[in-house]
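By written order: A, B, C, D, E and F. Residues from 1 in each chain.
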C-alpha cells in the first residue's frame, strides 16, 4: 500500500517523531511504500538542519533523511507552520530579507494542500501527535 | 523586587511565551526589575532568529529583544536543550562543524546552572509552561 | 439515525480551545485549505473545542487576533456543516444560543457514524 | 508531622513518564546540575512521574537510552532524598518493591509541607 | 504561602488534582490560559473548598469570551494583579 | 472499521473519553507511547467493554518496564503488528 505519515510533534520533547520513524521503517519492512512524511504543528522542528543531539542519542534528522535517500520518501514541511517557527529554506529566507537558512533538502517547504492531497490520494495516512 | 522568568513553551504552539511577556511587562510597569528570562524545554525555540510570523501577528522574538534593549533583561537559553533542537550560535555551530547559526544576541546560550542560580538568587522565579 | 447530508470528504475534528494552543488555528487552516481545493469539508467540535464557538471572544495577551475572524470566514469557503458534541456543551453549561454560528448538535452515537462517513479524518 | 530531614534547598517535582516526553529527562538534568553546584536537592515523584522509578525499563523506539541510567547516577551526586506520592503508586497498583531505588512515600498532607520547606521549587 | 498557577481545564487534564493535593491551607490558585475554563459555574466544583483563594486571569477570560460567565466565587485579577499575587506569595509553582 | 491510537494515560488526560465516544462497535483502540500506562490492571477499567479490540504497543510497554505488568485482556502487538492493524482498518485516527 501507499502510506503517508503526518508528524505533529517536535524532536526530543515528544515521542511522536520517534514513533513515526519506527512505524515508517516497519511499514517499509512489510513491503509498503512510504511515499510522504508531512510535518505540521511542532513537527516542523524535525527539519531543523542545525540539530546537534548528543552522540549517544538517535539523530532524528539523519533518520528522516535516510528514508528519503533509501526509499524515495518525500519530506514535506508545512510552509506556514515553518515560517512562524523559524524554519526557512534559502529561498524563503531571501524573500523575508533574512541571512542564512534553517531547513534544507531533502526537506521541502510546501503548502498545506499537499497534506490534504496525501490524505485523500494515499491508501493510508497515519498521524503521530505530541 | 528582582524577578526571573522561566519559559518552557515554544512560540505560537502554546500561550506560554505570550503569558511570560505579558507578565514581564506588567512586572516592569509595577516597578520591578526583570533581570532574567531563562528558556528551557521547547521554550528555547523562542530564540530562533529566522522566525517570520505573519505581519498581523505579534513578533515574539522582537518583544523579547525589546525587554533586553529597554530594560536590560538577560535572555538566557539552555545550551543542552538548544543544541538538541537546532538552536546554535556562531560559536557552537563552528564547534559542531555546521555552517550558519540559528540564534544570535541578545539571546545567549548558557548552562542550566544559571537557571538554578536565578531561582535561588532572585526574589521571584515565575514559570510559564506549555 | 445518521443524516446522509452530513457525509463529506474531509472531517476536521477540533478539540482545543482558542488562544491556549495553536491546535484550533492549525486545524481550521487545514479545513480552509481543503475547502479551497474543492473538497467538501465537515467540522466537528468536541471537548474543549466547543469553546471555540463561544460568542464575544477578544484579542489575546499580546494582540493575537484569535480564531473568531477565521470562523466568520467559513461560509465564504462553503464550509457550512458544523457539528457539535452535545455532551461537551452540557458539561460546560453552554447552549447553542451561546454560539457564534448555527450548528447541528450530535448525540454520542452519532459521533462514530460521522467519523465512518468521511474518507479523510483529521484530528486536531 | 513533617520530617525536618526532608528540608533542602531545591525541590524538583517529576510528574511525567519516561520516553513519552522529555520532561522527566530535563527535570532530572536540572536536579543533577543543582546538585553539582553544591545545592541540597530533593526529588518528589508525583502522578505519572512515579513510573520513572519502575524497574526493568529498556531503550526507546530508536535506541534512546531513557532515564534509568540517570536515576542510577543520583547517589553519585548526593541526591538521596527521593519522595514518592503514595496515592500515585496506589492508583497504578505499584508498591515500593517495584521500584529501582529506595524511596520515602508521602501521604497527601505531607506534599504541601514538602513544597513549603524548599526555597526553590521546580515543577516538571 | 505559595501561589500555584494552573493552565489546563479540569475537563481535559487531571493535573488540577495534583495542584490541589500540593496546596497548603493558605496557598492560592490562579487559573491562567486554558485553565480559566475551570472558572465556569459548571466546572468550579472541581476546585472544592478554595473560597477566597481561587483566582482567574481577566485577560485570558476576556480573550475566550468567558469574562461574563465566571462563577461568582472566583476572584478575577488582571496582569497587574497577577504580579501582586506573586509579590505576596513566598514563591510561585506552575502546574501544566 | 477505524483504528484509533491513544498516546495519553487515563490518569493524566481525559482524552481517552473522547476516543471512546468516537468509536464504532467494530473499531479498535491501540495504546501507544505514554498511553500504554492504561494497560495496567488497575487502569484498564477506564476502557470499559473493548474485549478483543484493545491493543497496546509492545515496544512502548518494554521501554517503560511494563511488558510483564499488562492486564490479560490487552492484545499486545509490536511495530509490525501496528502496521498490520492499519492495513486492516479503513483509516486511522490519532487521539492525543
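Note that in this section a residue touches a chain if its C-beta (ideal position, glycine included) is under 8 Å from a C-beta of that chain, and two chains touch if they have at least 3 such contacts.
Treat the numbers as computed from the prediction; the structure is a model and nothing was measured.
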{"item": "Distance in touch steps, counted as few as possible, from chain A out to chain E", "value": "2"}
{"item": "Third chains touching both chain D and chain B", "value": "A, E"}
{"item": "Centroid comparison with chain A (C-alpha atoms), farthest chain", "value": "E"}
{"item": "Of all other chains, the one whose Cα centre sits farthest from chain F", "value": "B"}
{"item": "Top-ranked pair of chains - ranking by C-beta pairs in contact", "value": "A-B"}
{"item": "Rounded Å distance, chain A centre to chain D centre (Cα mean)", "value": "34"}
{"item": "Distance from chain C to chain A - Cα centre to Cα centre, in angstrom", "value": "27"}
{"item": "Length of the line joining the C-alpha centres of chain A and chain B, rounded to whole Å", "value": "26"}
{"item": "Touching two or more other chains - residue numbers and ranges from chain C", "value": "19-22, 47, 60-61, 119-120, 123"}
{"item": "Chain A residues counted as touching two or more neighbouring chains", "value": "12-13, 15, 19, 22, 41, 57, 125, 127, 129"}
{"item": "Multi-partner residues of chain F (each touching 2 or more other chains)", "value": "7, 11-12, 14-15, 33-34, 59, 91, 93-94, 96"}
{"item": "Topology of the chain contact graph, where touching chains are joined (line, ring, star, complete, other)", "value": "other"}
{"item": "Inter-chain touch pairs (all)", "value": "A-B, A-C, A-D, A-F, B-C, B-D, B-E, C-E, C-F, D-E, D-F, E-F"}
{"item": "Contact footprint of chain A on chain C as seen in their complex", "value": "9-10, 22-23, 26, 29-30, 33-34, 36-37, 39, 119-120, 122-123"}
{"item": "Contacting residues of chain A [partner chain F, same complex]", "value": "1, 3, 8, 15-16, 19, 22-23, 25-27, 29-30, 32, 124-130"}
{"item": "Interfacial residue positions of chain D with respect to chain E in the complex", "value": "13, 15, 46-47, 85, 87, 108, 111-113, 115-116, 119-121, 123"}
{"item": "Interfacial residue positions of chain A with respect to chain B in the complex", "value": "10-13, 41-42, 45, 48-54, 57, 83-88, 92-93, 96, 98, 100-102"}
{"item": "Parts of chain E lying in touch with chain C, wherever the complex brings them together", "value": "7, 9, 11-12, 33-34, 37, 40-43, 59-60, 62-68"}
